[in-house]
Amino acid sequence: MNLISKEVMHVGEMASGAALTVPVYRIKGKQQGPDVYIQANMHGAEVQGNAVIFQLLEQLKTIELNGSITLVPYANPVGCNHKNGEYTLGRFDPITGVNWNRMYHFDESIIEPFAKAHLTDSIVEIERAFKALMVEQISQKLNHNIYGITTGQRIAYQLQRLAHQADLVLDLHTGPISSKHLYCPDYARASAEYFDIPHVLFIPNGFDGALDEATFCPWWYLQLKFAELGRDFPITKTATNQGKDAVIKESFTVELGSQEQIDLDVAHEDALGILSYLQYQGVINSNDFHPKTMVRYSCMLEDYKALYSPMGGMVDYLAEFGQPLAAGEPLARILRMDNYGDGDPLHYISLEDDVIPILHFASASVNQGTELYKVFSKYSIL
Amino acid sequence: MNLISKEVMHVGEMASGAALTVPVYRIKGKQQGPDVYIQANMHGAEVQGNAVIFQLLEQLKTIELNGSITLVPYANPVGCNHKNGEYTLGRFDPITGVNWNRMYHFDESIIEPFAKAHLTDSIVEIERAFKALMVEQISQKLNHNIYGITTGQRIAYQLQRLAHQADLVLDLHTGPISSKHLYCPDYARASAEYFDIPHVLFIPNGFDGALDEATFCPWWYLQLKFAELGRDFPITKTATNQGKDAVIKESFTVELGSQEQIDLDVAHEDALGILSYLQYQGVINSNDFHPKTMVRYSCMLEDYKALYSPMGGMVDYLAEFGQPLAAGEPLARILRMDNYGDGDPLHYISLEDDVIPILHFASASVNQGTELYKVFSKYSIL
Amino acid sequence: MNLISKEVMHVGEMASGAALTVPVYRIKGKQQGPDVYIQANMHGAEVQGNAVIFQLLEQLKTIELNGSITLVPYANPVGCNHKNGEYTLGRFDPITGVNWNRMYHFDESIIEPFAKAHLTDSIVEIERAFKALMVEQISQKLNHNIYGITTGQRIAYQLQRLAHQADLVLDLHTGPISSKHLYCPDYARASAEYFDIPHVLFIPNGFDGALDEATFCPWWYLQLKFAELGRDFPITKTATNQGKDAVIKESFTVELGSQEQIDLDVAHEDALGILSYLQYQGVINSNDFHPKTMVRYSCMLEDYKALYSPMGGMVDYLAEFGQPLAAGEPLARILRMDNYGDGDPLHYISLEDDVIPILHFASASVNQGTELYKVFSKYSIL
Amino acid sequence: MNLISKEVMHVGEMASGAALTVPVYRIKGKQQGPDVYIQANMHGAEVQGNAVIFQLLEQLKTIELNGSITLVPYANPVGCNHKNGEYTLGRFDPITGVNWNRMYHFDESIIEPFAKAHLTDSIVEIERAFKALMVEQISQKLNHNIYGITTGQRIAYQLQRLAHQADLVLDLHTGPISSKHLYCPDYARASAEYFDIPHVLFIPNGFDGALDEATFCPWWYLQLKFAELGRDFPITKTATNQGKDAVIKESFTVELGSQEQIDLDVAHEDALGILSYLQYQGVINSNDFHPKTMVRYSCMLEDYKALYSPMGGMVDYLAEFGQPLAAGEPLARILRMDNYGDGDPLHYISLEDDVIPILHFASASVNQGTELYKVFSKYSIL
C-alpha cells in the first residue's frame, strides 16, 4: 500500500478575498525512477481528467512504484467554477479572454548560454542544473515582479514549477465533442503506442504557451543546441539506448474525449492506458498493463485543420469520429430555416480531401466562421 | 401541393439598430378546420424544434389540409444568437435574467365580465368575441404603453398575438439533457396519447407565464366560469361530443429531448408524432399518421420534482431516462477529488421514492444547490 | 473600545469543492437594546456597502453601544466573484437567471394561527415566540429538505436566519448608475428622515422575495392580524409610544449610489447617516450623529416607474438624478448611426409627467425594451 | 453641402441566419487629396467613436473637402450587440476569447520581393501597386479559403480592405475607465500634436494584429526595405518635403476616454481635434481647425506598463488620470473586509517609479492578477 500525501496549493485570490486553491497529491516509490507530473482540468469544462486522476490514485495505492508521481486535479479553480448558464465557461479568463492553456512560460534565450556552459558536464549534472535553472526562472517570475503578473500566469507558473521537477508530464484535457487523441512531441513517437488512444498528433517544434510545450521544448531545444555543439544528448528512449544514459523527458496533452462529462467507468479505462505508458517508462514495477491493440492514426500538427463554418446556421453533425471520411462525403448539414421557401434551407458541408474527423463544436448553433470540425487532413497509420 | 407563404415579423432592435426578426410560415387548407400555431426555439439552445418545423413543412407540402397552420422557427432571435463560450445562453434575457418563457400575458380579470356578458351567446359568437378580446388586449400592451415594455415582452406578445388566433398551440422546447416529454393541460388528457411521447405532465391549472398556459388558461378559466354560471362550454374533444358543438382549445409544450442538438432524422420522427395529433384533431385529411405503441407514463405537475445537488462536485449521471428507478437506487455519483485522502471522494445520490428520471443538468460540474435531475415522483401509466 | 468578534459562515460549495464563505462580524453593547443586522453585496456588483461596513466598524469600535450589531459584508460569495468580461455579473444566479435578492422566504400562512394562539400574551412573549417561529421555519427549510434547495436559497436562508434575530435590518445595495435612495416600509415613514438619503420609496405591503420584505412583512402582517383580532401591537416608534411598550421592527434596503465602485470617503459619509438612524433607535449611546438637512423626496413603490427604451441604440443620458424634471424635458437622446443619411439618427426621449430620475442603465448600449431609467412618477416632499 | 453616400456591408451571419451588417459612409471632395478611413466600435463597449463619427459627419457636410473620407461606425456588429448582464461584452469573441482587435492581417514576407521588383518605379506607381497588392491579399484570404476563416477574421478583413484603400487611418477606441490617449507610429510623431489628446504612445515597430499596425506597418517596412536597398521612400510629412513627393501613410488608434458611454457634446470636441489633424494633412480646405494648447505627454509603447493587482479585493482608485504621480504615492487602496479584525483590511498600492496613470480597470472588484492600471512609466513632454 503506497502512501498518498496531500497538500493544498494557494494559486490566487478572488475579489472577496476567497483563496483559489488546488489539491496536490504525491506518491513516492521506494526505488529511484522517473518523476511524473499529471494534471487535469486546466480548462474549466474539461473535467474527465479529474475522474482519471481518481482512478489512477485508486490503482496506484497498491502498485509498486519507482520514482514519484504528482497528481493535480482541478488545476484551475477559476475556470473550474466559472458558470455562465448551465455550462462551464472555462477555456479562457472571463475577464481578458486569454486561453488558460497559453500562459505557461518558455524563454528560448536561456538555451544557448546554458548549453555552452555545460557542454562537457555529465548527463546527471546537466539534468540537475537545467531543471534548477527552469525552476528558478519560474520562481523569479512568480516572486520578483514589480508590475505583477496576470491571474492566469500566477496559476500556470505554479503548476509549471511542479511540472519542471518531473521527467514525464501528462496534461489531461478534453475536446468539445471529441474522440480521444494525443498531442505527442515528434521526438517521442515511440511512446505514443503505449497509450490507448487511436489518434496522435505530432508536434514538430515550437512553443505556443501550452504546458506540454513549456515542459518538453526546453529539453528539446537543449538537445538540438548540444547537437549543434557536437554533443549527443538523448531525451527519449530508443532502440539503442533503452533509456540508459539518457534523461527521458516527455510531455503529452492527453485529450480524453468530450467536455462537460464525468464517467468513472470510462475513467478507469483511461487510467489503464496511462498506467501502460508508465509501466513502459519504468515508473511502475508491473507487467500488468499493456496497450490495447487498435489502429492508431497519426497526423502532423500542421495538418490538423480547423474547418470554419461557411455560414451561420444550425448544424446536424454527420461525420463519425476517428474514421477516415472520403473527399466529398458530408461532414455536416446546416439548417437555415430562414431560407425555407425562398432559398436553400439545407446545406451539406464537405471537404476536397480525405480526412479523419477528430472533434466538432459543442453546440448545434454556429455563426459564420465558428470552428465546426477539427480533422486530420493528412494522416498515416502509426 | 400546398402553398406555403412566408412573412418576416419584426420583434425588436439591438443596440446597433439591427432588427430582430422572426420568419413566419403559413399553410392554408382548402376546407374549414382548426387553426394551428407551432413555434420553436423560444429558449436559445433548444434548437431541435426548428428541425421539426422543417420536417413538418416538408410533409405538409403534399398533405390535404383543413384549417391552417402557422409555423414560427427561431422564435426568439436574441436567445437564438446569444453565445457565451461555445454554448448558447438562451434560457433568460442576458441583461435581466428573466426566463424568456415566463413573459407571456394573461389577465384573469377579463374572464368574469366576459362570461357574464356572453352567457347566452352561441358558441361561435363566444369564440369569435373572446379571441378578439385576447388579441385586442395583447395589441394594447404592445402599442399603448407610456413607459414601454421589456425586450422579452415585446417578443413574447407578438408571438402570443399569433397564437391567440389559433385553436391548437404547440410550443416546441427541449430539456437540458433530457428524454422526450409533454406538458398537457389536465382537461386534454385524451390528446396526450396521440403524440409519440412517453412521458406526460398534466397541468392542473394556474398561469406561470409560459405560452401554453397563456393560450389555454383563458379558455379553461372561461369554461369554469361558464360552468359556475350554469352553462356547459366544452373546449376539448370527448367521447360524447366528438368535437362537435365544441370549440377545441388545446396547448402543449412539447419537449423534444436534449438542447444544443439538431438531428434531422429524429426530427422527421418527431414530425410524424405531431402529424398524428393533427390528424386526430381533423387538421389534416389523412389516415396515414398514427401514434406509436408505447408505454406512456404520466405525472401531475406538482409531482414533477427538481432534485438539487446536496453538494458541489462533478457528477457522473447514472440513472436511465424514462425508466422507473427504485427507491434507494443511485441517480448519480458525485466526485469530490478535493476530499481524496482525507475525506470521502465519491458520493452516491439516491431518493427515498420510486421515481422516473426525466432530465438532468447539462454539465457535470455542479454547485451545491444546482438542479441535478427532474423526476416524476408519483407516476401512473397513461 | 468595543470588542468585535468574527465568524466565518459556510454558505455553499462550488464544483471544485471550494467552500463559499461569508464573514460575520458582531459587536455587543453592555446595555440591553435593539439588535441590528446589516449586510452588503448580495448583488455582486453592488460593492459600496462593504466599504460602508468597514467605516461603520471603524466608528463602532469606540461608540457606546446598547443591544448588538451584526455586520455581514460580501453576503453573496457567488455573485461577488462572478466576472464576465471586466464587470461583475452579480444580479442573478448565472446558471438559472434568478435574482439573488428574490430568494428569501416568507410564508404568510403562519400569521393567523400564531396570532390566534398568542392573542393575549405579553409583547415580550409574542416577540420571543414569533422570532423563534421564523428562525425555526428557516432552519427547517435549510436542514429538512428531501429534494434539496437551490444555491441561492441556501445563501439567502442563512443570511435570513441571522436577520430574523435582529429588530432592525439594513440591506446595503446600489443601483446601476444611481442616486442614493431608500426603500422604507410604509409604516416606518418617520424613520426615513434619519438617514442622509434624499429619495425614499415607501413599500405599502406585499412580499416579493427581498430581504427587507422578508424581515418586516411577517411583523407587519402580524400587526394587521392582531388589529383584526382587536389587539394593538405597535412595531414602530410613534409620537405617543416613543418605542416604549413596542417591539420596533424595521427593515430598509439602502441604495448607496452606483455599482462597480468603492469610495471609502463617501462610505464614511454613508456610515454617518446610518449611525444617525441607529442613534435615533437607541442602539448607540451618543448625541453626535444627526441627519443632514436636505430636501427629501418620497414616492410610493407603485409610482416608481421603469422606462423601457422604445428603440435599440446608444444612449446619451441627459437627466440629472434627484432633481424634478418637467414633463416633456429630455431624459436622454438615443443615437442611431445606422439611420444617418436615410433616417433619423438622433431621438430625444421624454415623458408626459413630471418625474424625478433616480437611476439609469449602466451602459450606453441598449436594446429595444432595455430599462433606461427608473423615476419617481408621483412624488412628494417628505 | 457635401453629398454623403451610404452603403451596408455584409460581414457575417448569426446562427439564426441574421445578417451581420455594418454601415459605411463616404464623402468625396471635388479636389484630389488624401483618402481617409475612420472606424469606430470594433470593441463592443467602446461606443463613443460612433458619436464622434456622427459629429464628424455633421461638420463634414459643409466643409470643402479634398480626397475622400470613409466612415464606419458600429464596425463590429457581434461585439456591439453582445450583452452579458447590463454591460457589453465586446473585447473578444464570446465563443473563442480572441480579441476582436488582434485579427487583422499582415504578411511581412511580401515586403522584400515587392521592394526589389519596384525599386526604380515612381512613387505614384509604387503606391498604386503596393495598395493593390495588399487589397488583393486580403481579398484572397476572404474568398479563397478551403477551410474557412473565423468570424472575427471575416469582419476584420472586410474592414481592413476598406482601410488599405486609404492613406490616413483612424481607429476610434476607448479605454475601460480612461483618459484620452493616442497610439501613434513612431515615424509620425509630428502629427501627434494636431490631435487634442494629451497622452501619446509611440509604436516603434512590430505587428500585433491591430488595425493601425496592419495598415501602417506594411508601408513602414517597405520604407525600411527601400532604405536598405538605397532608395528614399518617405511616408510622412517632414519639414523638408512638406508632403510633396511623399506618400503620406499614417494610422492612429484614438482612445477617446471611457467605455460604455456616449456623450454627444464631448464627441463634438473630439471631432474638432480630428478635423484639426485632417486640415493639417490637407484633407479639408479650411483654416478653422487648430489643435488646442495643452501639455502633451508621450511614452514609448514598451514603457506603457500594466500594473496587475497583487491581491484580490475591492479597489478604491485614487490616482488622477493624466497627471504625473510621484513614486510611492498611492494609486489605489484595496479593501479586504474578510481580513477585518484578524488581518489588514486596507492595502495601499504604489509604484517605485514616477508614472502617469492613463486608465484603470472598469470595476472595483478585482482578482489577484487583474490589470489595475496602465501607466506611462517613462514619459517625456512632447
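Residue numbering begins at 1 within each chain, and the chains themselves are lettered A, B, C and D in the order written.
By our rule, a contact is a pair of C-beta atoms (placed from the backbone, for glycine too) under 8 Å apart; a residue touches a chain by one contact, two chains touch by 3 or more.
Chain by chain, the UniProt names read as follows: A, B, C, D = Succinylglutamate desuccinylase.
Nothing here was measured: the structure is a model prediction, and the numbers come from that model.
Novice: Count the C-beta contact pairs for A-C and for A-D, then tell me which is higher.
Specialist: Spelling it out, more C-beta pairs touch across A-D than across the other pair.
Novice: Would you mind pulling out the distance in Å between where the CA atoms of chain A average out and where those of chain C do?
Specialist: Each chain's C-alpha centroid was found; their separation is 48 Å.
Novice: Which whole number of Å gives the spacing of the CA centres of chain C and chain D?
Specialist: 43
Novice: If you average the Cα atoms of chain A and of chain D to get two centres, how far apart are those centres in Å?
Specialist: 36
Novice: Would you please write down the residue numbers of chain D that are in contact with two or more other chains?
Specialist: Correct list: 14-18, 20, 74, 80-81, 83-86, 88-89, 91, 95, 314, 337-338, 365, 367.
Novice: Building nodes from the protein chains and edges from chain pairs that touch, which of line, ring, star, complete or other describes the result?
Specialist: Contact map by chain: complete.
Novice: Quick check: in the complex, which residue numbers of chain A touch chain B?
Specialist: 4-6, 23, 25, 44-45, 47, 50-51, 53-54, 57, 73-74, 80-81, 83-91, 176, 260-264, 314-316, 333, 335, 337-338, 340-342, 345-346, 361-365, 367
Novice: Which residues of chain C touch chain B once you look at their complex with the stated criterion?
Specialist: Contact set of chain C toward chain B: 12-18, 20, 78, 84, 91-93, 95-99, 146-154, 305-314, 336-339, 351-352, 365-371.
Novice: Where on chain B does chain D make contact in their complex?
Specialist: The contact residues of chain B facing chain D are 14-18, 20-21, 74, 77, 80-86, 88-89, 94-95.
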